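Paired with subunit B in one complex and with subunit C in the other, subunit A is shared by the two complexes that follow.
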Partner chain A sequence: MAAVKFIASEKLPEWIKALAGTRRVLVPVEEGGGVVFRPYDPARKPVFGSDATAPPKAAVFPASQELFSYAYGKDAEDPGKTTLALTPKVEAEPTVVFGAKPCGARGFLIFDPVYVGKKFPDPYYIAAREATAFVTMACAAVENTCFCHWVGSGPADTAGSDVLLTPVAGGYLAEAVSDKGAALLEGPYFADGAAKVQEAEDVKAASRAALGEAPDIADAPAALLAAFDDMDFWRDQSDKCISCGACTYLCPTCYCFSITDEGVGNTGRRLRSWDACMHFQFTLEASGHNPRPTKAHRLKNRVGHKFSYYPTLHEGLIACCGCGRCVKSCPVSVDIREIVQNAVARAKG
Partner chain B sequence: MTDPKNPYLPEVATILETVQETHNIKTFRVRFDDEAKMAAFKFEPGQVGQLSAPGIGESTFVINSPPTRMDYLQFSVMRAGEVTTMLHGLNAGDKVGVRAPLGNAFPYEAMKGKDIVFVGGGIGMAPLRTLFLYMLDNRADYGKIRLLYGARSPLDMAFSAELPEWLSRKDVETTLTIDREAEGWEHRVGLIPNVLLEMAPAAKNCVAITCGPPIMIKFTLEALKKLGFEDEQIVTTLEKRMKCGIGICGRCNIGSSYVCVDGPVYTYAQLKALPNEL
Partner chain C sequence: MSRLEDLKARIKEALPGLECVIGWQKGYDPLHNTPLFMRSEADVDKLEWGALNVHNPAVYLPSFRGKKIGIVVKGCDSRSVVELLQEKLIDRDGVVIFGMPCDGVVDLSKIKAKLADAGLTAGKVEAVAADGKTVSVTAAGKVEAVAADGKTVSVTAAGKAVTMPFADVAADKCLHCQFPNAVLADAYVGDPIAPAPASPAGNADMAALDAMSVPERMAFWRYHMDRCIRCYACRNACPMCVCRDHCIAQSREPHWLSQEDSVTEKLMFQVVHAMHLAGRCTECGECQRACPMDIPVLALKKHLNSTIHDLFDYQAGVDPVAIPPLLQFKVEEDNIKERGW
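Showing the complex of A and B:
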C-alpha cells in the first residue's frame, strides 16, 4: 500500500488503456462545451489540467437508475387473480474514475454515512461504491472558486482517493492510498518514484499556499440555525437565485433523489433519479402546502444542510467538498462561501 | 415488510377489501402474499408504510390498524394528488407493494397508567385510530380514555362503520363533532378546539394525542395549553412529502430531524426545539 511510483506522461495513455481492458474507466473529456466524465475512448483526449465541469458523481450514483422492474400477470391456476412480480436490479460494473481532482472523490465521503447507514443500508449505492476506485490528480494550480481548505480538505487530499497522482516534471508521482489503489499501480508503465517525492510535495505545498488562509467557520452550524427565522436575511441571500438547480446537479456531495415509476401496460420499472432541493416541487405536498415555499426557504435548507444539519448529525463533517462548482456554474453568481460567512457575521452581531 | 437487504423493494400484498369511508377517503385492507412474512411482521402504533402500486407510484400512509389485530394491515388514503387518485382506483384482489414499518411510534409504553385524550380532525383520525384501538385491546394498561373526533360534516367522517361501537363502549368516552348543523346529526356541533375546551379534560397525569389539518392543530394546541397541558404532555404526528422513507432522499427534514425516521411522532416539546419549518 505504501507504493510510490513514477509514471512518465507518455506512458499514461498506455496505463489507462490497460485499465480499460478489464473494467469501465471514466475519464474527463470535453463534451458540449464542458468537461465531463465519460468511458475511456482512445480517440478522445482526456482533460487533466483543470477540474471537470461536472464531478464524477454519476460513477457511483447515476443520474437515474432502476431500483426494480415490475410485471403484472395472471395467475395460471386462477385466471381471475392477478399477480405482481418485482425484480430488483442491484448490480455494479467494476469502474475506475481516472483524473478527478481529490474533491471529486471526497464527495462520496459525505454520501457514505447516509447511504451505508446502519439501519437501512442502500444496496445500490454500496455495490457501486465497492466496485469503484478513484485515481485522482492533485491540483497543480487552483482557481479562485476553490475553497477545499475551508472544509477540512486540500488540493492533495487523499480522503476518498485510492491513488493520488501529483504532476511533476515529465510525468506524475503515483501514490497508493488504499489496497484497491495499490492493485492498480501494477504494470510496465511505472518506475520507482522515490526520487520525485520531494518535487511532488513542493507542488502540493504550492497549491495549498495559493489558496491562502481559510476563514474561521467553526461557528457556522450554530450561526445558520440562529438565522433560521430571519427570513429577511435569507431573502437577501437568495435574491439573485433563479432556482435552476445547477448547484445541486453539479455538486459532488448533493445526494437527494426522487423515486418515480415508469411503465407501459403491465410492465415497467421504478427509478430513482437525482432531485434538487432548489425546486418548488421538491417539498410540495399533495394538499398544496409547501414547507419551503420560496427560494429563500430552499436556499436556507441547502446551505443549512451542508454547513449545519449534516455536520451536527455526522461528527462535524461538513457536507461540502469545496470544489466551487456551485459558485463557478451558477448563472447568477450565488456564492455559498459568502452566505456561510454572512451567517457567521450575522451571529456575531 | 422492509427488506433488510433492500429497503426500496416492497413486499407484494393483496387488497382483501376496501371501504369507501367518505367521498375522498378510501380504506385498503391488505395482507402480504408471503404468509410467513405476514406472520413475522411486527410494528408499533404510529409507524407508517409506503404503499404503492408499481406503475402508479408510492406514498406514505400510517398503518391505521393496530398491531393487536393482524388479520390485515389497514391504510386509509385521502385522494389529494396523482398517486392517491390512482390508488383510489384499486379494489379487492388488486396487488400493491408495501414497505413497512417505517418511522417511529407513539410512546405507548410511557403512556401506561395515564389518562388519554385523543383529538382527531378529518383524515388525522387515521393515525389516532391505531393507538386508540391498541389501547382498547390493552384497556387495563391505561386510565380514562377520551376520544374527540371531528369532521366538516357527517359525510366527511371516516370510520363511520366503527363509530356506533366506539360510542356505545362504556370504557371510553367518545365525542363526535361537525363544523355546522346537519340534518339527522345527533352529536356535537362546533369546531374541535372549542368542543375540547367544553370537554375540559384534566391535564393531571394525562397525555393528549392530536392529529389533523394544520389550522385545527394550531387552535387545538392553544386549547390544550389553556387546559394546563405541558408541552411534554402533547403528542402529534406529522406528514411531509416523502420518497425513500429511510432518511436518505432529503426532503422531509426539519433542520437535522428527518420526519421519516426520527418522526413522524413528536411531542410538542420536541417540535418546539426544532427549526420552525412545518
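Showing the complex of A and C:
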C-alpha cells in the first residue's frame, strides 16, 4: 500500500527546506513576468497555483551541457603527431523538482524510450534522470490551453511523478507514486492522509471534468501520414508560424539537441544544447541541401512527430503531454490541437 | 455598412488578383486573436478588427516577395511596411495595403497582471469586451463548488468580470501613438483620427532605465536575460529582422555566439539585434510582445532609436522614399561635428 499522507500548508515550506538540505530542490518562482524553476531560496515564495511558464525540462535535460572537454597537444616522441585528450563530464546532482504540474513530469516518459534505449543508452541523461525525483501538484484549475486529456493523461496523472500532491482544505494530500517518492514523505511534517483521500479525489475529478470531453484523435497517426504530401494543407496550417523556437524549447517532451564544439586555440568543450525543429538549421545538411526548407515542412514534422511517427514507434505513446505551452506561449497563437483536428478532418474527407 | 464590413468588401474585391491578404481572426480563446491569411471570401468573413489585433502582419511580407499580396494594417504596422519598402526588401507593386484608423491594442501581459491582482487567471478567460475606453475580461478563478456522488461530477465555476480602463492595459506604444492611421495605404476605410497626445506613460520603461546607474542597469539586464530560452521569438517576430535563416545567432561561421547557456551570450544577441535595428526599428514592440518569458527587450531598441533621432532627426518607416541614416553616407553630418571636436 502506497503511503498517503497529509501536509498542512504551513508545514510545506519546512518540508521543502528539509529536502533542500541534502539535495538541489527546484521550485517554480516568479521572475519578471515569467514563472521558472529555480533552486529553492527561502526568501523567494514558490508559485504553486498556475503552471510555470517554462517546464522543469532543464532539471534533467539542460538547455546546454558540457559532454566533455578536449585538448590537443603534441606527442613528445613524435612532434609531427597530434595528441588529443578527452575529459568526459557526467554529472548528476541529486535533485527534487517540487511543484511542477503532472504534465511537466510526464514529459520525461517521452524522453525515456529515446535516451534509455538498449541500443544507445545516453549516460548523461540516465544519470540525471536517476538523480531526479518529481513532487508534482495535481491541478485544481485548468486553463483554456490545457489538453492533457487528449493524450492519455489528466490533471492528476501520476505517470512520471514520484509524489503527487493534491490541494485540499488546509494543505495537500501527498501520495507516494514510486519508492523514490515514498522515501521523500518522511519527517515530522506529515499526518495521516486517509481522511483526506475523498476530498482529494473530488478535486481531481472536478479538474478532469472542467477539461470537458476530448475529441477522438485515434486516427491522427494515419491522418497525418496521409497528409504528408499535401503541401497546400501544411501551407494553410503554417501560414502564421514565425519559425521561432518558443514551442519546442517550452515543450516538456521535445528532446532534440544539437552538438557544437566551443573551442579556443587547442582546447575546448563539446556542448549538447537544445535544438528546435522549427529552425531552418535543424535539418540543414553540410552540402547546403535542406530537406525541410520551409516552415510548412518544419511544422508538418513537429506535429507529425508528436502525433504520428513517435506513437507509431513507441506503442501508441503520444509525444505530447498536453500542457498547452506551445499554444499559450506562441507569439501568434499557432494551435497544435487545431492542426491535429484539421488533419483528422481532412482524412475523413 | 460598418467600417469592418466595408473593409471586407474592399478585400473581397481585390482578392482575385492576390496570393492572399493578411489580417487577423479570433484565436483559441476570447483573449487571443491570431493572424489570418485570407485566400477565399469565406476567409475574409473571419476578419476581425480591434484591440486584440496585437500582431504586426508586416513580418510576413518579405517571405511573399515575387508574389502580389494584400495586408491589413494598423498605423504602426504600416510603418513597418514603409520601412521594408525603404530598404527595398519588398516591392511596392507586390503589396496592396488596406488600412483603418486604429484606437489602440492591448498588452496581454498587462491584462494578465490585472487578472492576477483580481485572483483570476489569464489562462481561463471566458469573454472579452472592449469599447475603446475600457476592457472587460471575464475569467474563471478557482473552482468554487464541487459535488460528487461516485458516478457524476458537477462543477460550479462562476465567471467573474473584471473591468479595466483601456489606458491601463493598452500597449505602451499606443499611449503616445503618433500614427493611428496608416502612413501608406491603397485602400483606407473610415476617417483618419487624431494622434494621441504626447505622454510620458509610453516611455516609463525608458525613464526607469535612464534613472539607473550603469551597474544597476547591467544588473537589470542580467536578471532579465537569465530566463531567456534563446527561442529567438524576438527576432522572428521582428518585421525588420530579415536575415532570417542566416542569422549570426546560429551561424558557425562566423562564430559570434556560442551555444553556452549563459547570460553573456543571451545579452550579446540582444545587443546585436538592437544595433542592427538602429534607425530601422519602428518600435512596433513585437520583439517584446513575442517573448514567451516576458523579457523587456524593446527598451534596447528604443534607446538606440532615441539616439538616432537626436543625431539624424529621423524616424523610421514614415517616408517610403527616405533612406535610413545608417544605410547612407554623408561626408558632413548635420549633427555630428567631427571637425569641431
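A few points about this structure:
Following the convention adopted for this analysis, the second predicted complex is superposed on the first by the 343 of 349 C-alpha atoms of A that agree within 3 Å, B and C clash if a C-alpha of one lies under 4 Å from a C-alpha of the other, contacts with A are read in each partner's own complex, and residues count from 1 in each chain.
Just so we're on the same page, a residue touches a chain if its C-beta (ideal position, glycine included) is under 8 Å from a C-beta of that chain, and two chains touch if they have at least 3 such contacts.
What you see is a predicted model, and the numbers here were worked out from it, not measured in a lab.
Look at subunit A after the overlay: subunit B and subunit C fit there side by side. When the two complexes are overlaid on their common chain A, residue A:277 makes contact with subunit B while staying clear of subunit C. Using the contact criterion defined above for the overlaid structures, shared-chain residue A:90 touches subunit B, although it does not reach subunit C.
In the superposed model, A:33 lies in contact with subunit C only, and not with subunit B. Look at A:81: by the touch rule set out above, it reaches subunit B but stays clear of subunit C. By the touch criterion stated above, A:260 is placed in contact with subunit B and with subunit C alike.
In the overlay built on the shared chain, the residue A:286 is in contact with subunit B alone; subunit C does not reach it. When the shared chain is aligned, no partner comes close enough to touch A:22: not subunit B, not subunit C.
In the superposition on chain A, A:240 contacts subunit C only, with no contact to subunit B. The superposed three-chain arrangement places the nearest Cα atoms of subunit B and subunit C 7 Å from each other. Residues 258, 260 of subunit A touch subunit B in one complex and subunit C in the other. Within the complex formed with subunit C, the residues of subunit A that make contact are 31-34, 36, 49-51, 53-54, 62-64, 140-146, 201-203, 205-210, 236, 239-240, 242-246, 248-250, 258, 260, 262, 271, 273-274, 276, 279-281, 327-335, 337-338. The touching residues of subunit A, when paired with subunit B in their complex, are 67-68, 70, 72, 80-86, 88, 90, 114-115, 117, 119-124, 225, 228-229, 255-261, 263, 268, 270, 272, 275, 277, 282-287, 289, 291-292, 297, 301, 304-305, 308-310, 312-313. Those residues of subunit B that touch subunit A in the complex are listed here as 2, 5-10, 12, 52, 54-58, 80-84, 93-95, 97, 214, 239-241, 243-244, 246-256, 261, 275-278. Put simply, subunit C touches subunit A in their complex at residues 20, 27-29, 32-37, 55, 59-60, 109, 112-113, 121, 123-125, 140-143, 146, 148, 153-155, 157, 223-224, 226-227, 229-233, 235-237, 244-245, 250, 252, 258-261, 286, 289-290, 292-296.
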